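Both of the next two complexes hold subunit A, though its partner changes from subunit B to subunit C.
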Partner chain A sequence: MSGETKILIGKLLRADNRAFVAGCRTKELIAPALGALCKVRLEEGLEIYGLIGNIIINDDSLVRQLVSGISIPTEYTEDNRHNRNLPVEISVLCVGFGQDGKIFHRLPPRPPLSLDALYLCDDAELVRFTSAGRYGYFRHILRLDDQPVEEILTAHLANARLAHAQHGRADWYTGACQELIVLLRDDYEGLMNVLNALAELE
Partner chain B sequence: MDTINRANPHPIGYVVGGGLEANLQVRLTVPPQEVQEGSFVVIDSGGWRFYGLVTDLQLGSTNPRFADEQSEERLPRHLAELLHGQTLFTNLAVMPVLMLERGPEPGTEEYRLWKDQHPEETQPVTVKTVPSHHSPVLLADAADIAQIFGEENNQEIFRIGYTREQGHPVCLNLDKFVKRSSGIFGTTGSGKSFLARMILAGLIHADRASALIFDMHNEYGPDSTSSDTGAAVPGLKGKFGAKIRLAGLGARTSFGKLNADLSLEIAQSDITSEDVLLLSQALNLNETAPIVLSALERDFGQDWLHEFLSMETGTTIEDENGKSVPAPNSVEAWAAVGNVHPKSALALHQRLQRLGKSAYLIADPATRGLEQIIEDLEHGKHVILSFGKSNTELDYLLVTNLITRKIRDHWGNSTENFHAEKGKEPRPLVVVVEEAHKLLNREMASQTIFSTIAREMRKYYVTLLIIDQRPSQIYDEVMSQLGTRISGSLGDEDDINAVLSGLPGRSALRGLLSKLQAKEEALLLGWGVPMPIPIRSRRYDNDFWRELLGAQASPKTIEEGNKVLGFDSDDTD
Partner chain C sequence: MPVNYPQIEQSLPAYARKEKGFQEQLAARKEKLWQMFLDPALELEAVREKISRAQALLKNLYCAKPVAEALLTRKALPALPAAYTLIAADGSQIVPNRHRPVQFCVLNIGMIKIMRGSGLAPEINVLSTLLEHENLFTSEGHLIGEEDVSLLRDLAERRVLFEAAISDREPIITLTDGPLDVYENVTTRRERAEQLNEVREIHAHLEARGVLSAGYIDKPGSELISRMLSIMQTPDAELGAYDDTKREIRGISDAELLEELLGAAERSAVFESVAKGEGKGSLNVHFFYLNVGSPGQPILARVEFPGWVSERPQLIDVLHSVIYHEAMVLDTHPYPYALHRAHELAVITMPEHEQVEAMLVRELEQAGARAGKRSNKDWNKGLTKK
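Here is the complex of A and B:
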């Protein structure tokens, strides 16, 4: 896509059809945020879209040693930020793909490959992806059972609502809430969790 | 019909389930307050239009917890509204009643082909199938109601009221109404006598049938005042003039400022022993009365009553042996000769004295009142018989039964003659009976002529119009024969059940009937109306008369009425 803002946030570590994990340097961990829409562009024009579901900072023996010391000199911390050879892991949930200029809210035909670049989508692309179909990608989020669904959803909806208010459909957010209620109306606990989280956006 | 521009094309909901037996379930998509129980709705589905009646509204939720928790207090208003919209809902129970084939979409080739095969206008038929899932449901508009109930023509299609929410006119087909017996029910003050007056006015105006009104409280003929509002209530006589004959029972019945057109005096010879037996309860006759009566008829024929009443009691003479024996003109003497127990004969004689004292029951009446009434009815006039001062239950039972028996005989003969091609078709007659439970209760129904009329006389062009406040007191067999039932508010559960007896969808209609407003609302039911419908009844006021009779009939005073009849008001007493 020409003219779009490209913010590289990481390189692929591992992937499957449903999710993938990218890594970035600790110092670069500014742009990625929970619930943000990002994408990986594959060779043959396939673009895989995902939502950031989790960001993990792993430890290593050096960090453990430093933490267990009496005090950590500032330069050690600074060095750890810049030169650490263990990446921050960004877990991304696959929510759809783009092919031949069309957006689909299905899982991609194949996962991205190692070292593929992961970019953050801008507002225009966020609007384009979320406007396609009828909120079909929600099912990928709601299917999660080991992650805080309501938090990811709320973080995503907060971004998308803002983007739509500026560039997209004014009623998009209402439609999204309605769709969530329809999808979750048989799960009282789940729905109330989502709604209580969404209440914070008001 | 096919290209109706609906005034309100927005559906109020869609079909989600149900069936013919257990009402259709319709998910409401508008606030429940926009629909009421008793609303007339239409459902379009697959070339058919279904007509139904809302019989219940029920609140529901996808999960009871959504209903239990007051989520509007926890969530922002916008979210709470969205949540309620999806999880809390109202279902309508719709009783499907009729369906009408409308064919494919008008303007299409399929429609043209279908129209070629069905050139005549299709008619609504009783519902035999159900609309599909998700068929849109709309509130009926005026055209839908006219399609089912007919369009007012100020003749036989008579506007009886309006739908309750939207005020669309609802009409009654008077031709159908008089074809079978019918009933108007409601508690005191529910407006049933105004309703009856309006329907009678419609009948008289449409000139489709003659009416004989047994007016126990003298309220149909002369003008009166409303007991509730104190407003003047025009009587039928003042409005229809010579079409109406006011008959008074006995020579001195008063109609206020109006004069009676005829006085009804009944010859004692018209009374049969059966007439008297009918009064067993009112006269407190004992068990031996039938034997004595049959002996009297055997000995004196049709003059039995006159002969019996002129007998003396307790008079004796001395016979040739000087022994005291009953005088020849005494009850005892007749009993001895007639082989009747003297005490039984005396008891009956004593009880029958009440009849002897009646002002209208005389040995040799000067007028032929009874024949005159029948003649008038036959010639298209309408007779209001007022009981005047003779308004006890005894008088009512005796006179109504006697007249109706004569009518039965007469109309029966006329119909037979007509069928034998010896005479013209008899004029349909409606006999209006107030306080009908007195004549048609379980005990009396088998003896009075009225149950026969209700059951069989429609073949002979005679039907009943029963007006009563206690339908449960009326014999079931009679109730079940009533073609059209118009019921105002009824308080008693038994009365409600009685009105609904023999009708399909009773349980659905019961709620509707029990929740009618105490005034001005009525439920139309039965064979005479295409489908049950609750209405706000038309008002019996000057506008009613102006609409019915045209501008020239704007309010007439009694004086004006008298002028029409050729009486000067000075002459009236």
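Here is the complex of A and C:
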């Protein structure tokens, strides 16, 4: 079992080996952010890692009616955010797993189960996961064709770069950029999109 | 088999023709009633005095009686208090059904407490009660029915409101859907009398605390003002023999009558609800009509409250402004938000109903008690629904 990752950000709604969706209440939507590394601990010691690829705020007929109203007093907005059973859906892309103290950048052997808890990884665990191997988990992100790859990558790399710098590994980010150039060498358009997005970090 | 649509379709033209004719008659009656309502001879004290006399003479009476404002009163929307507490409760129920494997009754009360001006999320709660087995049967041994369960639900709603009506953010307003008083058609059962007494006691305690309790009636259909006008037309000598079944102008609700009078956000005069006779409530209920619609599109609701509130006009203003603004939160279909949320919290879905039944059957089996069988009729109906 790895370091402390105590921030619970949701519970599993549905999952397969490649991705899963967790739900949380709107009031709990403070910690989760696009590109953040999170994980689910399974009972047998397996830890499944993922990157947040999308966050969806659901609605219903009452919310739609309130939206069309003239003005909504604060207490009624808070009622809908805190009390009503409208889960925020957090879509997570599987990027690897941990077992027996080792990190693997492969897809997990099996998906997590419904109602499993989803935790946000802290900086130490982010460094530990991203330091394992040679950026092998990038391929899971680059394989996406229905999500903004460059945005998820940029959000993730911004977090990871900072975490590594604080842990004395400023060269990690340079290595990550070089690896992306290699992985996208046959996809000029994709590479340009990623590099343009990464330019935001400079 | 679906509905035989061709048969229905054949009946539609004649139905629409008759409906049109009926509506034309109603329009004529409404105009006549409106003219009666405008009669300058209908002075406040004269109306009050005549209705009081009718009250004394008649065994059964259900009509409006003005309290202290002229009949044609229209009050503009007062300012909303900067801070107040609004508590709404609504209930739903599982009525015992002899066709199911086990007979049981569940009362589910949803409560929401909104502290306006606090900026905080409201407090919500759901209270679910499995009715004690001995309360499932009447003294004659029959299963209790819809009417009994409704009375128990109304009582449970009021208990919840009473418990919740404590706040340092005053004024405190409690709100229920429907009439403020609880009504019942049969008065012979001792248990019901006890339940009604408890409702009265709750209201007395709320009054002592200064809590404004109100009932909100959406799309009200009652003809209290029409009856009042009918009594005013009755010669004094015939008042003791007044028979409401022979009322000349019927079918025009108070809401239809007053939509001619009230502008958007305005309220009517305050009336007392004179309810005398079997099955009528026992609280002293006052009410006004409130236009929660927009200019040119009136939507009238009736707001009921205890008579003591009328003695303090500033409290009538509080009810007027709070309930109007509450309905305006859902302004495309105006209805108090708190009541809608209380209902949303309370509603028991069919899967929940079945789940509770399954829990009960399991528990009975574990306790070595026998669970009955679902009736064949109910089982086969279940096939049709799938």
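Keep this in mind: the second predicted complex is superposed on the first by the 197 of 202 C-alpha atoms of A that agree within 3 Å, B and C clash if a C-alpha of one lies under 4 Å from a C-alpha of the other, contacts with A are read in each partner's own complex, and residues count from 1 in each chain.
One rule holds for everything that comes next: a residue touches a chain if its C-beta (ideal position, glycine included) is under 8 Å from a C-beta of that chain, and two chains touch if they have at least 3 such contacts.
On a predicted model such as this, the values are computed, not experimentally measured, just so you know.
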item: Combined model on subunit A where subunit B meets subunit C, clash or fit; value: fit
item: Touching partner for A:His82 - first (subunit B), second (subunit C), both, neither; value: second
item: Subunit B versus subunit C as contact partner of A:Ile70, first or second or both or neither; value: second
item: Partner chain(s) touched by A:Leu62 [first = subunit B, second = subunit C, both, neither]; value: second
item: Superposed arrangement, angle subtended at the Cα centre of subunit A by subunit B and subunit C, nearest 10 degrees; value: 160
item: Distance in angstrom between the closest Cα atoms of subunit C and subunit B, superposition on A; value: 47
item: Footprint overlap on subunit A, comparing subunit B with subunit C; value: none
item: Touching residues on subunit A, where the partner in the complex is subunit C; value: 27, 62, 65-66, 68-70, 72-76, 78-79, 81-84
item: Residue ranges of subunit B touching subunit A (in the complex, touch as defined); value: 62-63, 65-66, 71, 74-76, 78-79, 82-83, 85-87
item: Of subunit A, residues touching subunit B in the complex; value: 174, 177-178, 181-182, 185-186, 188, 191-192, 195-196, 198-199, 202
item: Subunit C to subunit A touching residues, read off their complex; value: 112, 114-116, 118-122, 124, 328-333, 337, 340-341, 344
